[in-house]
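Two complexes follow with chain A in common, the first pairing it with chain B and the second with chain C.
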Partner chain A sequence: MDDRPQTNPTTSTNSTNPTNATNEPMNPALQVTSLTKRFGDFTAVDHISFEVQRGEIFGFLGPNGAGKTTTIRMILGLLAPDEGEIEVLGQDVRKDPAGIRPRVGYMSQRFSLYNDLTVLQNLRFYGRAYGLSNRRLEERIAAALELADLKGREHIKTGELSGGWRQRLALGAAILHQPEVIFLDEPTAGVDPVSRRAFWDLLYRLIQQGVTIFVTTHYMDEAEHCHRLAFIQRGRIIALGSPSEIKAQKMSGQILEIACQNPSQAMQVLLNAQKQQLLPVTDIELYGAMIHIVTPQPKAAGERIAALLSENHIALESIQTIEPTLEDVFIAAMSA
Partner chain B sequence: MKSAHILAVTRKEIRHILRDRGTLITVIFTPVLLLMFMAYALTVDIQHVSLAVLDYDQSPTSRAFVQQITAGSDLDLYGFVASYEEVERLLVRGEIKAALVIGPTFANDLQTLRGLPLQVIIDGTEPDSGGFAVDHIARRAETFVTQALANQLRQLGIDERALTPIDIRIRAWFNPGLKPRNDLIPGLISMILGMPALSVALALAHEREHGTLEQLMATPIGRGELLIGKMLPYLLVGLVDVVLIPLLAIAWFDIRLNGSFLLYFMLSAVFLFAILSLGILLGVFMPSQASALALSFLVIFFPGFFLTGIFFPLVSLPELVRLEAMFLPGTPYAIITRGIFLPALGIAELWPYVVMLLFQGVMFTGIAALFFRKKL
Partner chain C sequence: MKRILALVKKEFIHLRNDWWLPAFMLIGGMMELVLVAWATSRPITNLPLVVVDYDRSAASRAFVQALENTGTFDFQGYAPDEESVRQALTRGEINTAVIIPPDYSLQIHDPRGQAQVAVLLNGAESIPATEARRAIEGVAYALNQKLVIERLGLPADEFSSFAFSMRVWFNETLKDAYYTTPAEFGLMLEFTALLFAALAFTRERELGTLEQLLVMPFSSADLIIGKAIPVVIIGYSDFLLMLLLLRYIFKLPIRGSLLLLLIVAFGYLLVELSKGLVISVVARTQHQAFLLVMLVGMTDFMFTGYAAPVEGMPLAFQWLANFIPAHHWLTILRGILLKGAGLDVLWPNLLALAVLGAVITFFSLRYVRRVLD
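The block that comes next holds the complex of A and B.
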């Protein structure tokens, strides 16, 4: 499989750009205000508000059970909210839940395709479901096959495709009707890293065509690919903005990366020191064979750590300040 | 409602049915097997009940009596035994279902008209064949006594017809031989056509289980369009059964279709609409295929047996249950099929039941569509 970014003349920007439509060009792709959903005593989504601009990839991040799928279902009009407003492309979803469906695409969790049907039969069905027929249907199917790199596999049973192929077929099916916004619910869950990479390349190609993408994920490394993102935890948004904005907002300090012998013993020493308030640090985490430390005073902390480790006869290999990853940021935000 | 949406769902569903040989067999051939099986298993005719005889009289008269009761195909003479112990052994081993004990004074008592010394021992764990043997022996014994009496009367110069003052002639219209199968099979069709209804419930539950239902709901296909589009292919398949079953019944079981085949076909389509709507309703409310299957026995097959009047006459049901039975499509349809097969009723007599089926179908589909969204 080829995971280099591809350019393709058949899907050029002008012919298929729906955002150039004359109606309501000023509306954001999505505007959510104080959206709330309760299941009995449990508040799955708790007064969340955010906006998605046209043409951006908006990431909706959070651990499993944080309320991501519930939010998507409400936005698509599949689930009635208890409170709040939702506008998709300027249309009020609560007033007319079905009204926006022809203009949006949806790829639900587990790539909901019919495994007993062939690739082509799946595409034909979803195309017809969105009202495509005859030549236009065949044209759009050809474009989707091209995009998903599924040419020559039209007559394979969908259940026999590997995860990566099925994922791209599901995306192809979701964009057949040329939606202006597409919603992807955990599109990369359970897919190998190479396929994940290729999938993000596909998303960038769609963005170039003017499509807006709303994507949920629990992979932190994918968050860096998004233009803007919201981090949701227990139904609430705890961080919102571009990756660099979030890093600036949420990191009250810098990160020290420590390489040493016997890192687990070193962890014990450092945690004990932190408990006795002998270390000016806010967080200590084991990162593979490394230890990451968040601190407002990197210089003082670094000296203290070097001293502590040598007292305990642990050989220090290196200690340096590093750029925080989003994962560092979210762990900091979640424990805050 | 857009026909393009309905058609898209229908085409897809037909592909599923054709691709999955299991479904195809379930929907088309199981009903045929079911008919064969049920028609044989549920036949109420009891024949060839095995009977042992313990004859203490050992007279020509008692032997003549035994010969008379075991003539024909109702009772089979297993043989003569010598003791009660032997009777018990044979009953326990299941080699006989009943035993006849003839008292030592049989011939004498018959001659002097003192009542016959007869005892019938039956296997109480099989009351049906036992009761049948008792009835049969009692009837034959009565005839035997009447004949002996008539002989004596004749010798005295009295007209023996005085012995049978009542003479009722019975004619069974529409089913001259009173063959139970003639009555059973039209009713059975309504239960057998429950299979396509089960399949549509499973198909809907399958989509829910595999997450494709959520994907479908996000498309512009409406709830009603989805339900109708899903129902149509099973309606077509059901119509194949509608034709196949009576052909089989006529060719194999020698059933007569007295009424119009066309009327039967059209009203069966109405019934299929009603029963498939019930299936759809099940599919909407059940979270998984397993629960849909379980509930289908409760609302499609079980009431089909007990409430639709196929096996137990409707008039014998309590008022409340009879009312409930009227909400099951099987009840009016059992009346319709029997009416067309046996007395050749037409639409003039059957229309109230057709209205009932239409009402049920619209009601079930309506409730299903109404609750569909909340039950994603």
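The block that comes next holds the complex of A and C.
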């Protein structure tokens, strides 16, 4: 845990990746153009376009059913798109879905290993499936076991491992053949917070080795860990960029965090005032015991709020401008 | 090649871990065969028989004695009245009841008399009932002939009438076991291959690992071959074990060419395997796959002539039977085992099986490949 990487990489990291410098000008890891998939009348993915640079962690965010898995399945050639182009590492996936397979890794939403096989048996099967020679296989297995911290557990049946271990083993298996890009579909769904944290640490270790990571998630806190991200809702990308870019683009205003007594009563007061257009605010949300207010004029709004609350005999504890979280941004973007 | 080997290796680890399935495949088929062979190996004897004798004469006792002598019945004793017989039949305690009226001996001895007995059979169990009827008709026929000769006043020992000589070929003693066991044998091979293959991809789909396999650099042909090899190995071992069992424990003859049998069995195994693989990519769950196997298997079963001869079916069905591989397979299997038939006789069935098999296998595998791609 001593080498924990920065947790909020907001700058573009292309230049920080050592492997990029040694290679000739490269195609982006992934380029998606106007990708569309319809299921009958329902458009699951609606003309989405984005690019993933090599060496970055690209987050693909959105609520359940937004089209994340459909997109990942199309990128991997498991599902034929209705429209659009997909290039992975410069190769056209629609023309030759099998062509990229040796160069990418995939960890599906459902657990992708065999529970009745031991840790070692699973890894051996993966390695041999990718055609690794015996010597390289043993080397890579040792590296995967080290990465997943599973040394000494090689002969345990995979089904007997706890959720967090299994997740790490699945990641270890997915990178066994040293893919250039790995696709992770909701890798941390249903895993406890500590294991999620450890899993993200592994992802940072991987990008240091020059791997590109495409990860879908619906956890907002994980979005902050991505270099760049796309937010998808009802099949459309509604925000795209680095976390700080998205915050700047999508937040038309600042966030005031209010702590007061009886926040639910305060909410009523503030919402009424907003309705009567007495408050220069665009959004009011209850945030735990706090109230978050989005406003283009933080100073004026703060003064109005203090006045309103004291008129209604609600004791104000503090009011301050805070940095918006991605969650604030997405809620604002989704309701826009 | 290396990839296929990796897949086969993995499949065998599954089989070792989940030993229940291969054990069922190997032992289950043999157990079924043993049961069928034993259950049908003896002629039907010892059917429980009860008699209500209102006559209580020498003649009536002679009739009962004649029934006992057939060996088909196990005489349980006399019942007091018809009501008790009715109850015993309903409860299933007896299969056959004979009621002899009070004037039986009177009518026998009267040159113009008509002696009657009533016979009650338990038709709910039709096979024993048919057997009982055959035995009773035999006794009645002999008695009738004797009576006629007596009444005509001819000397019984000088009398000769129509006689016929019957010879049964291929199954000289008309052992039911010779008919049912090869049929069961042939069907067990079908079910083993079909069920085992049907689980191939369904299992992976249910576990969620199919997607992973599809993303790996396996071609669809790799996947099919990798999944087929364990089915072929287990299915063919099952076939050989069952063949040994029949040959050496149940002394079933193999009168034709063993080599031909081994080759045809292998080809037939591949046909059923490819049908099974179609089921395995169509079914969403193992449960569905199992039900589909039962559906396909039972349809084939109907056309094997096991339950009812195909020749007795409506014409449309007889015509349809020509398109069922299992029908030809069983014809060939019986031909080789019992009739010692060779290519000269079996060629139409062999040709039909080869053509049907090639067509089914081709389209099945093409379909499976499409789904996997």
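One rule holds for everything that comes next: the second predicted complex is superposed on the first by the 310 of 336 C-alpha atoms of A that agree within 3 Å, B and C clash if a C-alpha of one lies under 4 Å from a C-alpha of the other, contacts with A are read in each partner's own complex, and residues count from 1 in each chain.
Following the convention adopted for this analysis, a residue touches a chain if its C-beta (ideal position, glycine included) is under 8 Å from a C-beta of that chain, and two chains touch if they have at least 3 such contacts.
Everything numeric here is computed off the predicted structure, so don't read it as measured data.
Steric overlap between chain B and chain C is present once the structures are superposed on chain A. Contacts of A:Q121 after superposition on the shared chain: both chain B and chain C are touched. In the superposition on chain A, A:L113 makes contact with both chain B and chain C.
Applying the stated contact rule after C-alpha superposition, one finds that A:F50 touches neither chain B nor chain C. Looking at the shared chain after the overlay, A:Y130 reaches both chain B and chain C. Residue overlap on chain A between its contacts with chain B in one complex and with chain C in the other: 73, 76, 78, 98, 101-102, 104, 106, 108-110, 112-117, 121, 125-126, 128-131. Across the interface of their complex, chain A is touched by residues 2-3, 5-7, 9-10, 13-14, 17-18, 207-209, 211-212, 214-219, 373 of chain C.
Residues of chain A touching chain C in their complex: 73, 76, 78, 97-98, 101-102, 104, 106, 108-117, 121, 124-126, 128-131. Contact residues of chain B toward chain A in the complex are 2, 4-5, 7-9, 11-12, 15-16, 19-20, 210-212, 214-222, 373, 376. Residue ranges of chain A in contact with chain B, taken from their complex: 73, 76, 78-79, 98, 101-102, 104, 106, 108-110, 112-117, 121, 125-126, 128-131, 133.
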